[in-house]
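Each remark here refers to the structure printed beneath this line.
Chain lettering (A, B, C and D) follows the sequence in which the chains are written, and residue indices restart at 1 in each chain.
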Amino acid sequence: MKRFTRDQMAARVGRDIPNGAYVNLGIGLPTMVANHLPKDREIILHTENGLLGMGPAPEAGAEDADLINAGKQPVTTLPGASFFHHADSFAMMRGGHLDFCVLGAFQVSVTGDLANWHTGAPDAIPAVGGAMDLAIGAKRVYVMMEHLTKKGESKIVARCSYPLTGVGCVNRIFTDLAVLDVTSEGLKVLERAPELSFEELQRLTGVPLIDASAALTAEPVVTQRREHA
Amino acid sequence: MINKVVATAAVAVADIPNGATVMIGGFGTAGMPSELIDALIAKGSKDLTIVNNNAGNADTGLAALLKARQVKKIICSFPRQTDSWVFDGLYKKGDIELELVPQGNLAERIRAAGAGIGAFYTPTGYGTPLAEGKETRHIDGRDYVLEYPIHADFALIKALRGDRWGNLVYRKTARNFGPIMAAAAKCTIAQVREIVNLGDLDPENVVTPGIFVQRVVEVPAEAKLIASPGAAA
Amino acid sequence: MKRFTRDQMAARVGRDIPNGAYVNLGIGLPTMVANHLPKDREIILHTENGLLGMGPAPEAGAEDADLINAGKQPVTTLPGASFFHHADSFAMMRGGHLDFCVLGAFQVSVTGDLANWHTGAPDAIPAVGGAMDLAIGAKRVYVMMEHLTKKGESKIVARCSYPLTGVGCVNRIFTDLAVLDVTSEGLKVLERAPELSFEELQRLTGVPLIDASAALTAEPVVTQRREHA
Amino acid sequence: MINKVVATAAVAVADIPNGATVMIGGFGTAGMPSELIDALIAKGSKDLTIVNNNAGNADTGLAALLKARQVKKIICSFPRQTDSWVFDGLYKKGDIELELVPQGNLAERIRAAGAGIGAFYTPTGYGTPLAEGKETRHIDGRDYVLEYPIHADFALIKALRGDRWGNLVYRKTARNFGPIMAAAAKCTIAQVREIVNLGDLDPENVVTPGIFVQRVVEVPAEAKLIASPGAAA
């Protein structure tokens, strides 16, 4: 079985982000999407610590301690950027103004529940940051994660065993094995890794899947954002 | 490429349907997007619910929209002014519905819509006729009234400068309701005196980030510098 | 009986506003206070349509339609001024950041209820503006009004008959006959108009008054605002 | 004359008593008022409740305040970082109380305190362990959690420039919690890189109006330009 590489996953997510979208990329794996956004699209990145129009990392020596992203890494601004305070920044999320966020996850349930902030281990120091705000705040929530744990258990589950980040908030799941939509009918498989049969994917995943990969076209399945002329 | 700039006010408002809820910026005439309102009058959309601090001055702008009988209901804090004769006439004939909201609650309800807040407890209005029938709660020694957000389909606002991403800066007290209405509407249309190049607005000084703005139309400044004193707030 | 003139009332209010205070002056009579603030004090005026550091009216010909006060009259800015939007402006009030507001009134009750927005006349078009926000929003609410109606009835009442603006919100009342504090013990008379006896003031007012004018000194009775060094 | 400028950080924090609730600005080290924190350590106030997004990095700033055992409780969204060893140690020994709040709820609760809101309904956290025991409400098709404001006795924040009225402007993403903490505290102390003359800040660009600031102290910029990457938000 050939798995999608991390770069392929990031590129696949990038294909599903249309021109003009406002996007927040979560910490970790989702950050890689920034390097795989289609070059012919203008996409505006939000970082919840108070910046829209975030640009790439600065060159070595040009870092500015006052210009960082949510992961506290140095970034830059693009022309058209704006700074704002934390209440305004989270109002952008909670108010449904972001078109997409891309998050990592420990588990996603068949109904789109997300668990990505806490393993539930009793001795772990809890830390949530903006995870819960992002989960409920974007018009479309994309999750990007490996399909299976290191022990080979499916991270797509009937019901999350880890503490929840948000209820019914995930729209689409990008894994190293498949792309799936969370729908009212159930989980629809849009794409599978090369040479991976639907039956094998179903067996690995454990929860009921709907095979919608026949409906795939060469064009990315994109969601329309709020219109502007 | 992202380009939110539209050619004319007429194009900008062309899809405002009958029955829409439309926020209109401005406090009196300061910040009132007159050309967008004129375009809405020309478009002729009916049965509108309008959110504005006032209910129109004299015979132009919002007052002209009322006069054209396009407005079913107005949500505002201060309809009565020395020159609000258009509203006064409609109201006395029962031809327009009024929801009167204390100015700060109006602002906060608009802000709540943009910020995704489901409802909030405000001390303003407690124990007054404007809180009658509303849920109240005693919190930490003080009495509050529960108020809900005001969402809109469209916001028409006026700013000083804008760019093709929809970033805006305002001018003096004409800022008033612009930033919060921009965030509260599904589609915000800003008329600006000047469209500038992307990057010309200092990121530190952008007042309304473009995420809150869907369309920008340039309307160069008219030579109107004298304020028209009306009645109170 | 000599009544305080409007200018004397405004000057009397001005005496009770200390250096460094943030003040909102309501529409009408309270606006006159701006001309009577003690010259040796720096007092910062707020106008709820979005300006701190409001200056006096501009000279003829220098009016700017985008620079107005809550009464929609042209104003100016002082060095140190700042502009902000309506939600921020009313947050300043509701959040208790203004030290004083000065309001006109139809009636004030012995417990500090305020009625100043609506006569209750059935055919009147209601309009409230920022009155209710100001009433509950300042640390200290001063009311400035004539003591008696044109019919000679006291505007200081046991219970307001006009629709309320705010409950128990008034701290001090400045009239053309007296200066009174609303206290938990009742209305305390701090000053009386020249040649007006306490008994005569009591008779005209109708509600029980406490004579505290003996406690007056030559110094204005001011309230300390939030400290700064 | 109004003059909120104080000579030193030590003077600025001299009256912070034991048991005070103190908001500290900054997101990680961006916007962290290090010199004010150092002054608070020197002052030695105990049993503090601290509000900050994080719980300190490495051994300086907020981490040093924790290390000095001056903090009884911390209200934050993301205590765990790669270099939060001071907090980690105290927490595991049960020597510090933690109230964990989702970052946007933290920001909104601080904002609510400054804006005089008694409580508000937020969708963030609904159905999660962080909403356990909290009141919920279904409004207009969505589920919300009731959250209350976080008030403070003092706020220590860092800005770029300030004037004697306390007006402030910030620098890039170091703005973060500064403006909302300034409004939420009874006494806000701002360290600024530069004190400018009254009138030097453009009224259009003032981010925190002076009404929210009680003391300003000048701390010229140090030559610290490299961000220290920690863990997540």
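To be clear about the criterion, a residue touches a chain if its C-beta (ideal position, glycine included) is under 8 Å from a C-beta of that chain, and two chains touch if they have at least 3 such contacts.
The structure displayed is predicted, hence computed values, not measured ones.
Peer 1: Under the document's definition of touching, what chains do subunit A and subunit D have as common neighbours?
Peer 2: Chains that touch both subunit A and subunit D, as defined above, are B.
Peer 1: Tell me which of B-C and C-D has more C-beta pairs in contact.
Peer 2: Taking the two pairs in turn, the one with more contacts turns out to be B-C.
Peer 1: Name the chain whose C-alpha centroid is farthest from the C-alpha centroid of subunit C.
Peer 2: A
Peer 1: Subunit B to subunit D: how many Å between their CA centres?
Peer 2: Inter-chain centre distance comes to 33 Å.
Peer 1: How many angstrom between the C-alpha centroids of subunit C and subunit A?
Peer 2: Distance between chain centres: 55 Å.
Peer 1: With centres defined as the mean C-alpha position, give me the subunit B-subunit C separation in Å.
Peer 2: Roughly 29 Å separates the two chain centres.
Peer 1: Roughly how far is subunit C from subunit D, going centre to centre by Cα mean, in whole Å?
Peer 2: Distance between chain centres, rounded to whole Å: 35 Å.
Peer 1: Which subunit B residues sit where two or more other chains touch them?
Peer 2: 108, 115-117, 122-123, 170-172, 203-204, in rising order.
Peer 1: In subunit A, which residues are in touch with two or more of the other chains?
Peer 2: 51, 77, 83-84, 87, 90-91, 93-94, 137
Peer 1: Hey, which chains are touching each other here?
Peer 2: Once each pair is checked, the touching ones are A-B, A-D, B-C, B-D, C-D.
Peer 1: Of all residues in subunit C, which touch subunit B in the complex?
Peer 2: Touching subunit B from subunit C are residues 27-28, 47-51, 63-68, 70-74, 77, 83-87, 89-91, 93-94, 113, 118, 123, 125-133, 136-137, 163-167.
Peer 1: Hey, which residues of subunit D end up touching subunit A in the complex?
Peer 2: Subunit D residues touching subunit A: 27-31, 53, 77-81, 87-88, 91-92, 98, 100-108, 110-111, 122-130, 143, 170-180, 207, 224-233.
Peer 1: Help me check something: in the complex, which residues belonging to subunit D touch subunit C?
Peer 2: 1-2, 4, 6, 11-12, 113-117, 163-167, 183, 186-187, 197-199, 201, 203-204, 206, 209-212, 214-215
Peer 1: Which residues of subunit C touch subunit D once you look at their complex with the stated criterion?
Peer 2: Contacts found on subunit C: 19-20, 22, 42, 44, 46, 51-53, 77, 79-84, 87, 90-98, 137, 226-229.
Peer 1: Using the touch definition up top, name the residues of subunit B that touch subunit D in the complex.
Peer 2: Subunit B residues touching subunit D: 108, 112, 115-123, 137, 139-140, 142, 144, 148, 169-172, 202-205.
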